[in-house]
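One chain, subunit A, appears in both complexes that follow, with subunit B as partner in the first and subunit C in the second.
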Partner chain A sequence: MEIKKDWWKFLSIVLVLTAIIGGMLIPVPRLAILNETIRNLFYHVTMWFAMMILMTGSVFYSIKHLRSFDVMDDAKARISAEAGLVMGVLGLVTGSVWAKFTWGAYWVNDPKLNGAAVTILVYLAYMILRNSLPEERQRGRISAVYNIFAYVLLMVFLMILPRMTDSLHPGSGGNPAFSNYDLDDTMRIIFYPAIIGWTLFAAWFAQLKFRLFKLNYKLESDLFDLKQPS
Partner chain B sequence: MHIHSVPIKIIALTFLILSTVSVFAQGDIEMADRMRSEGKIYVVVAVLSVVFLGLAVYLITLDRRISKMEKEKENQ
Partner chain C sequence: MFKEFSALLGKEIILELRGKYALGGLLLYVISTVFVVYLSVVKVTNIPVWNALFWIIFLFAATNAVAKAFVQDGKEQLLYLYTLASPRSVIMAKITYNTLLLVTVSLVTYAFYGLFIGNPVENTWLYLCTLILGAAGFSGTLTLLSSIAAQTNNNVTLLSILGFPVLMPMLITLLKLSKNAADGLDFSVSVKYLPVLLALNLIVAALSYILFPYLWRD
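Up next, the complex of A and B:
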């Protein structure tokens, strides 16, 4: 690893470490029901932000693939979505743990929670769709188009629908999540770096996976060349 | 009929702000104050940091190994 090229990986370590140390130590507002668990903001909410940023990256590469038909762009779209899916599942599980403490149940029938669950299913369907198409070029194009739909659904289920109905979850039912009551200024100092840190950390995993894919692809095409009679 | 006059708004706003301040000041909302005052929170933070740094170092070695493979592939 070179500092010049891979500086963002070191930045991700520093920022996540900031989230761990700062998130535990800074003073937080004393709020009823939430109590000390308000610190989960640095760990649970950041998972969703990282997921959304990775899905944005995924749809970017899907559109790029539709313009270039490059196999590598398709792989980047898939791997970004995989990393985003991991973050999303972590967000769902951590949210469930937090919900048990604050709302008394691991799952409540809430538009934000159900929307998040549907979003996860939409992206699982993306993976299933990919695996069911054996032909490389066809798989690339069809799944790229589906990925654009999936991204629209993500926006609808996570950002729009929960805001149109009443919800327990902050950021829903007309309550913005970033009002002064939910998030005070000292918490922002840790919250924003934590988002960037977790996103870059997940992107690091995605980059490693992509590089392995590329190596494997080259290896396979070499074998294919060997098999061809010259 | 409407009581939305400016002074009333200001008084209401002042009251709201003051009530939030008092909520912050009073200690009847349960927090992990004792754990903090005894300094035990630093033990937890230290352990979390070590675990995360360990995983990060592991990821760096994985990254290096993949870089090595890439170089070998190019030199073929």
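Up next, the complex of A and C:
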């Protein structure tokens, strides 16, 4: 790795370590019910932010693919969605543990949790759709359309509907938002870098997967060229 | 554009009326499902449960109804259609036609469901209004997805996998609105859901309009 080109990878390691070590060490506000579990904010919430950023990246490449029909754009869309899905599942698991200790059950009926479940279902469906289309160009085109369609409706589901109903999460249904009580200034020092850290970490993961894809693709097309009589 | 659209819509309706078995099969599907529910529960007095069962039946019936939207026309027939008409009029005609179909299916479901399992709905007009909005929304979402699913070989399963999570925002809003209508709550309580549903319908229609041309270009 070169420092000049790969500085963001070092940054991601530093930021994620800051989140893990710093998040456990810094003083946090003493709040009823939440108590020490508030530290999960640095992991659960930031992983969801990272997932949303990666899914947005995935949609960006899907739109690009529909304009260019470039196989590489399609691969980037798929790989960003996969990396986002990893972050999403981690966010769901950490959230579930948090829910157990604050709300008393691993799963509670809450608009945000339903949104999380639906997000995971949508991207699993996206993966299944990709696997059921054998032809490469057709697969790219059709899954890009689904990706865009689902992303827009997902945004409606995650951003608009929870604001219309009560939620146990902060910021809706009469519960105060983060900024009001549970995110004081020391927590911010960890919270925002953690978002950037996880996002960069997932982007790194996606970059490695993309390189692997590119090598495989090149290998396959080289083999194909060898087989062709010239 | 409009002439093209109405010709395509006419074609869909004529085709449906000519092959009566498809519509008949669909209605029979709904009636048998309602009857299965009737045999399992006989009477439901709890309104949320009554409402949820109704929407589940309608959701599955709608998925089955729309799944055939693009399978019915063969691949060659679709190619021929695309050389004659613009893809945008094709999708708009299909969505409109499926909306009409789903409104019919929902009314039939409602009638039989009410007949067998009982009809506790207090505000019938609002309930019917919810049904129409729901039918339009399901049709807008599922028609585009059905053209995606039609390109693979396990059509109905894939349509459900792709469709159900995407339908969730609409379904949750529909459930709330219809429950309020069934409970006969004051209109001012439910009025906030109507713009949400209308907006969702507009969003899915606009997305289908924009994205459909990419689905058939080879």
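In the analysis below, the second predicted complex is superposed on the first by the 224 of 230 C-alpha atoms of A that agree within 3 Å, B and C clash if a C-alpha of one lies under 4 Å from a C-alpha of the other, contacts with A are read in each partner's own complex, and residues count from 1 in each chain.
One rule holds for everything that comes next: contacts are C-beta pairs under 8 Å (C-beta built on N, C-alpha and C of every residue); 3 or more make two chains touch, one makes a residue touch a chain.
Please read these numbers as outputs of a predicted model, since none were measured by experiment.
A.B. asks: Taking subunit A as the common reference for superposition, should the pair subunit B and subunit C be classed as clashing or as fitting?
C.D. replies: Subunit B/subunit C on subunit A - fit side by side.
A.B. asks: Which partner chains sit in contact with A:118 here, subunit B, subunit C, both or neither? Use first/second/both/neither.
C.D. replies: The answer is second: A:118 touches subunit C but not subunit B.
A.B. asks: Quick one: classify A:99 as touching subunit B (first), subunit C (second), both or neither.
C.D. replies: Neither partner.
A.B. asks: Answer with first, second, both or neither: which of subunit B and subunit C does A:54 touch in the superposed model?
C.D. replies: neither
A.B. asks: With both structures superposed on the shared chain, find the angle between the C-alpha centres of subunit B and subunit C as seen from the C-alpha centre of subunit A, to the nearest 10 degrees.
C.D. replies: That angle rounds to 130 degrees.
A.B. asks: Touching A:218, do we find subunit B (first), subunit C (second), both, or neither?
C.D. replies: The first partner, subunit B, only.
A.B. asks: Taking the superposition as given, does A:21 touch the first partner, subunit B, the second, subunit C, both, or neither?
C.D. replies: In the superposed model, A:21 contacts subunit B only, not subunit C.
A.B. asks: Answer with first, second, both or neither: which of subunit B and subunit C does A:150 touch in the superposed model?
C.D. replies: So A:150 only meets subunit C here.
A.B. asks: Once superposed, minimum distance in angstrom between C-alpha atoms of subunit B and those of subunit C?
C.D. replies: Minimum over all C-alpha pairs of subunit B and subunit C: 26 Å.
A.B. asks: For a test of understanding, state which residues of subunit B touch subunit A in their complex under the given definition.
C.D. replies: 23-24, 27, 29-32, 41, 44-45, 48-49, 52-53, 56, 59-60, 62-64, 66-67, 69-70, 73
A.B. asks: Okay, in this complex, where on subunit A does subunit B touch?
C.D. replies: Touching subunit B from subunit A are residues 1, 6, 9, 13, 16-17, 20-21, 24-25, 29-32, 35-36, 204-205, 208, 211-212, 215, 218-219.
A.B. asks: Can you check the complex and tell me which residues of subunit C touch subunit A?
C.D. replies: 141, 144-145, 148, 151-154, 158, 161-162, 164-166, 168-169, 172-173, 192, 196, 200, 203-204, 207-208, 211, 214-215, 217-218
A.B. asks: Taking the complex as given, what residues does subunit A use to touch subunit C?
C.D. replies: 66, 114, 118, 121-122, 125, 128-129, 132-133, 138, 141-142, 144-146, 148-150, 152-154, 156-157, 160-161, 164
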